[in-house]
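Chain IDs A, B, C and D follow the sequence of writing; residue 1 opens each chain.
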Amino acid sequence: MTDPVLRLENIVKTFPGVRALDGVSFSVMPGEVHALMGENGAGKSTLMKVLGGIHQPTEGAIYIGDDRVTMAGPLEAKAKGIVFIHQELSLAEELSVAENIYLGELPRKRFGRVDWATLTERTNAILGKLNVGFDARTRVGDLSIANQQMVEIARALTVDAKAVIFDEPTASLTDAEKVVLFDVIADLKAGGVGIIYISHRMEEIFRITDRISILRDGQYQGTVNTAETDEESVTQMMIGRQLDLSRNASHHQLGEVAIEVRGLSCGKLYTDISFDIRRGEVVGFYGLVGAGRTEIAETLFGLRRPSAGQILLGGVETQIHSPDEAIAHGISLVPEDRKGQGLVLGMNCRDNMTLPQVDRLASGPFVAEGEEIKIFDKYRDQLDIRTPGWRQKVGNLSGGNQQKIVIGKWLSMHPDVLIVDEPTRGIDVGSKSEIHKLLRELAAQGYAVMVISSEMPEVLHVSDRIIAMYSGRIIRTFRSEDVTEDSLIQAISGIGPGAQATEVA
Amino acid sequence: ETMKIGITQNNVGVDSYQTTYEKAFIEAAEANENVEAVVLDAGGDVARQIAQIEDLIQQDVDAIIIWPTNGEAVIPAVRKAFQADIPVIVTNSNIAEQGFDFVKSFSGPDNITQGARSAEIMCDKFKEMGIETEAQVVHITGQPGYTTAIERAKGFEDRLPEVCPDVTIVDTQPGDWNREKSQQVMEAFLVKYDDIDGVYAGDDNMGVGALNAAKAAGRDDIIFVGATNFAVGYESMAAGDYWGSIYQSPVDDAKAALNTAVDVLSGEDVPFLNYFDTPKITQDNMDEFSKPVF
Amino acid sequence: MAAMNRKDLGEFLAKQGILVAFAVFMIAFTMANQKFISIDNVFSVVRSSAILGIMAVGVTFVVISGNLDLSVGSMMSFSTIVVLDLHDKVGPALAIPLMFLMTLCLGAFIGFLVGYLRLNSLIVTLGMLSAIHGLTLTYSGGQNMDIADKEGTWFSVFGQGTALGIPVPILMFLAVAAFLGLVLARTPFGRKVYAVGGNGTAATFSGIRRARTVFTCYLISSGCVATAGLIQASRSLGSQNTVGQGLELEVLAAVILGGASLLGGSGTIFKTVIGVLILGFIQNGLLLMGLQFYVQFVVTWIIIILAVWLDIAAKRGKLWSSIA
Amino acid sequence: MQKSTVSKALKSGAIWGFILLELIFFSIAGEHLSLSDTAFMDGENMLLLLKQSAPIGIIAMGMTIVMVNGNIDLSVGATFAIAAIVLLDSMTWPIFAGLGDGVIPVAWLLALTVGTLLGALNGLIVWKTGVDAFIVTLGSMLGYRGIVFMFNGENPTSHLNWTLVDFAEAEFLGFATATWFLLGVTLVMWFVMARTVHGRNAYAIGDNREAAVNAGIRVGPHMMINFAIIGFLAALSAVVFYSEAGSVNPNDGQLYELWVITAVVLGGTKITGGAGNVIGTFGGVIAIQLLRKGLGHIGADTSTVNLAVGLILIAVLFLDKQLNLKGKEELKV
């Protein structure tokens, strides 16, 4: 039997008011992909930050091989062969791709000069493996979020790692890039590297991991061999109940058209987009990165000015110049970048949630705080948001719980048209299915829902109709009964309905 | 033939003395059809002043008038002008002795004498009141680092013990040529000292600020003496609140500087130190003076 | 038990670090000079802090919204000069609203540039610092401005009057701070200011009109400046063009001392007021000790850094920073 | 990226266009308004311009790296004054009496050391206390100024050494000594920021401090080094300038921080850090000096100069904004 590359023993980590980790132990073998699973806020990221030297454990020990080590800082962790790919993007936007990948350890020449030649060469080699469409010199700020995530991933390949931690690497990747990522992981694995893989996506877990360790509320629940278990039992261990993971079959009674878009274009971002969404209907938008779905949503929300076309709300042509006009017209948008666009991280949970409606929540000249707390409590319960209380700063919540705050914020507006852009990015299976159920329920109540997602199961699960986009154009619209995974993939790759798809079940 | 005269001033806009000086200078230059003036302001920055002297040399003016921001730092720049055969006239406050070789003349008030005269005004008043044996004085100086502030303070502090040896200066703080700052300083003095008989301020703006503080605190037995009689000071004097000051006209100052430059260019003999008189002004003799325009 | 107590104390300090610092200074100065705490002195310090304080209250809005305002000093000179000039020309009853109008126009201009055109506030207000100074000089011709009849005008009430035995400037300071404190802490507008400063993009995505919010903050700031200018003018009934010069940094120091972050999104009016009082009492206390002005500079330096350090150290529960 | 830094810097920012506008404006306006017979664009005048840009310019190069780093230094004016005092005062110290003119390099070294230490002290405080650099240096702006006054009360500190003056006034290949220093410092700082690991890390830290920490960059010492650099450069600026001027008022250097920051920001450095370069800063410095010189050239009075300088600052910012607009497709946030 081989020795583990890495072993954690009885790790405890407390923050003021929170016991984030409560005696967690597990080990990673060389050449193994070890999944770490748990609900939002279970403590996965915190555990990895302890391992990566970013947090110091309150109690417990870390072993690499047989040596007990203390990780005084990230550089030390890296020196010991532990590479950490962060959940939240950890990039300097103004710098080039190469500089970001080698951040903190740029190759040097004499006089402290950067060895650009080596840097570029090494970077391009890595990028070549990753099969991405940008080069070492591209400014990271010019990349889409997905490509930025690829830059993060590239960092795993810069050193001879003993262990690589991927904290939700696929949260903002589309299927095409995922394939590349999995190849990378397979390569590392073949090289005897131990991999810790955190994700909320069951299909990935079962596709690439060897063992699964599960956390719940900071406590270790156990480790199972992937081959010997199934989704249901893992879910059971994570949340203590079972889930319905089927594809959407039911349809609600559709009402009149809530929003209609005719020939909408915005420069080069997207062209000639026409669709409508009825009350009671969920329309999924599926496509590759850069397909222009987010931009359509932003246009509907008054954040972009269309260069052509019309938007009709309830049959009336409407000009939407700004988000507050959009909100007044009953449109809500859950944006795709929760840190940058969704939340004011330094503000507390309650204030974030009620932000779009502070004007309406006034009693006399003041904000009606009691009213706000009621709203917060309602959605905290409904969405199962884990937080010590409304006073907690949103920045201190786990990624998934942050996302739930954003969703709660827009649900509480009771919109006519709800647009959600990557609504379950970083959300655990339990909550994910809650959110999916919620979206269906909202539709049942007569909302028109537009779901933008890069996850095929999600699109399939919630949508009544699916609009496939490629490069700023609508390629095809499917009804949920008609859609097959293959035809969907063809459509988002730019292959129209004319071309015949080979059916593989 | 017209004379092209360049001037670089210290810091116009900081107080109305300097502003009035600038105006008077421009007026005087316009009044003289033989003179064309290039008027610059260093904004209190010695580096900018040196740059301006270099610019004036480069523009090949016929004479340069300097109101130095620092009486020594400008010497090398003045030497450049000297080497370029451009006569230099110093105005208002003089440059250091090492530079005397490179300048033609100085024209301006004698700040040390002014400080001394203020001390005499105050001492005389104390004697008249019969408190010259025990009087306590506080001193509010101008902006730290300004030649004028330093010289006046020195003149006052050297002279007072000579004429009134038993009067003590109990405290000194800067008022930055600023009425409000001086008012605050005086407020603290009033809290700290139960017995203040006299206030000497480096100019009337600050003097009036201190006076306001004293009035607000109901302490109206204090003798205020200032320098550079501003319009506010003159008015307070007329109202009987403010005792005395030094009469110094920026218009005279400016005209004297320009005339000295013109005289130098016309080849006339000018004395090297060209002080213009700055007489004492008190409530007793203020009718002899017209109200300052600034 | 002991650990529990220490934790409670820690939490208290974390919330009130700046108040504790304030108390420490007050006690230290009082021990140095009994007169420090006398009612006369306290009134005189608070009264002269009122001008700075009212400006700081306005600037707090701007800072929380994520911007800076370095123009308040020269804007205050402008208001002061204008109201003094108009006093003799149109009478005080008309002079005051006219001055407010003109000052608000300046604030609106800055608000337009920073809010709507999204120009960098540091440079815009630095530019305005210079431009408004030029404007003031042009307006006054560089001359001191004085009211002709100083005894006979009711205008002096704002700076020199008392009501209920309390100097009017102090009352105005309290009123402005209380009113704007409520606006910031309790109204929807206040909430928006925090949101815009905390994350402008997210605020926009929440339907908040960011430009309008920033614009309004500058309006508030200039309104405060006008009020400060009014008190200043009324206090001395005459003024130099440079009366407010350099105040912008003192104002900023007070706001930051109060714990507002320059990055925006945090700070409160109450703490700004404490910051103002700390600065005012330090200056006064050192003056009473008879220290040379330059020793005062050095001591102020140390106190500012200690106060802010104490404040943030309490917040993070650690004395030394965790910067690697 | 390295090869295109220069061209990118030239393209970025409205500053070069603005300098051109200034030159054209002052040349034409000068024809009509100026009393001077020589043209504004005269070669001699342009050489003077470079020389006169040195005091602010040298400090601005240091401010660029500090601001790119995500910090700011408001105490440079006071550091400038302290270094000047050390320079001039130390030449009169009895222990150096035997050195003759050999005291000059010693005095230079002393001044530069003191400047570096004062800068490092700021950096150390920022590092160890975690107090924002703005506050730390706002405090030391006051504190260092207090130290200036402690030296010699309110009096200027002076020592005219004509050997030193002659050196400072010397010209080599047409450029004055100060110009050489400005160009040298610009070149070195360009090298440091564009080519060295330290420089690139400065960008990373300013851009995303958390990412830099995560990547294991030691942010504290790094920032301290940059503060030491700006302290050194503030002292160098003083050394270069006061070698010629020979006397320092305790007020000297006041408001330099504002001019320096203005130049740096005009040159395209982001106030929040992470972006900017010394070539842009060089443009910013030249633009400001041109403005001062030009307004003097056409005979603008003080109030006009103030008004113009302020409004032009804003105009440049506006111009820059317009040039960098991404067009109608841009997200309206």
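Here, a contact is a pair of C-beta atoms (placed from the backbone, for glycine too) under 8 Å apart; a residue touches a chain by one contact, two chains touch by 3 or more.
It should be emphasised that the depicted structure is a prediction, and the values quoted were computed from it without experimental measurement.
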Key: Separation of subunit D from subunit A in steps, with touching chains one step apart   = 1
Key: Chains contacting each of subunit B and subunit C, listed by label   = D
Request  = Based on C-beta pairs in contact, work out which chain pair has the most and send it over.
outcome  = C-D
Maximum centroid distance from subunit C, chain identifier (CA atoms) = A
Key: Distance from subunit D to subunit B - Cα centre to Cα centre, in angstrom   = 33
Ask   = Using the average of all C-alpha atoms in each chain as its centre, how far is it in Å between subunit A and subunit C?
value = 43
For subunit A paired with subunit B, centre-to-centre distance based on mean C-alpha positions, whole Å = 71
Note = Separation of the C-alpha centres, subunit C versus subunit D, in whole Å, is 29
Remark   = Residue numbers in subunit A touching two or more further chains are 73, 303, 322, 341
Inquiry  = Multi-chain contacts only, two chains or more: what residues does subunit C have there?
reply    = 133, 137, 142, 201, 204-205, 293-294, 324
Request  = Pull out every residue in subunit D that's touching 2 or more other chains.
outcome  = 149, 213, 217-218, 302-303, 305-306, 332-333
Ask   = Each pair of chains that touch: what are they?
value = A-C, A-D, B-C, B-D, C-D
Query = Hey, which residues of subunit B end up touching subunit C in the complex?
reply = 12-16, 18-20, 22-23, 144, 171, 173-174, 177-180, 183-185, 187-188, 190-192, 205, 208-209, 212, 216-217, 230-232, 235, 294
Key: Touching residues on subunit C, where the partner in the complex is subunit A   = 182, 186-188, 191-192, 194-195, 198-199, 201-209, 265-266, 317, 324
Ask   = Which residues of subunit C touch subunit D in the complex?
value = 113, 117-120, 122-124, 126-135, 137-138, 142, 200-201, 204-205, 210, 249, 252-253, 256, 261-262, 292-298, 300-302, 304-305, 308-309, 312-313, 316, 320-324
Note = The subunit B residues in contact with subunit D across the complex are 4, 12-13, 19, 22, 36, 38-41, 43-48, 50-52, 54-55, 58-60, 69-77, 79-80, 96, 98, 141, 143-146, 149-150, 153, 174
Complex contact set, residues of subunit A against subunit C = 16, 73, 301, 303, 322-324, 326-327, 333, 335, 340-347, 351, 355-356, 358-359, 361-362, 365-367, 409
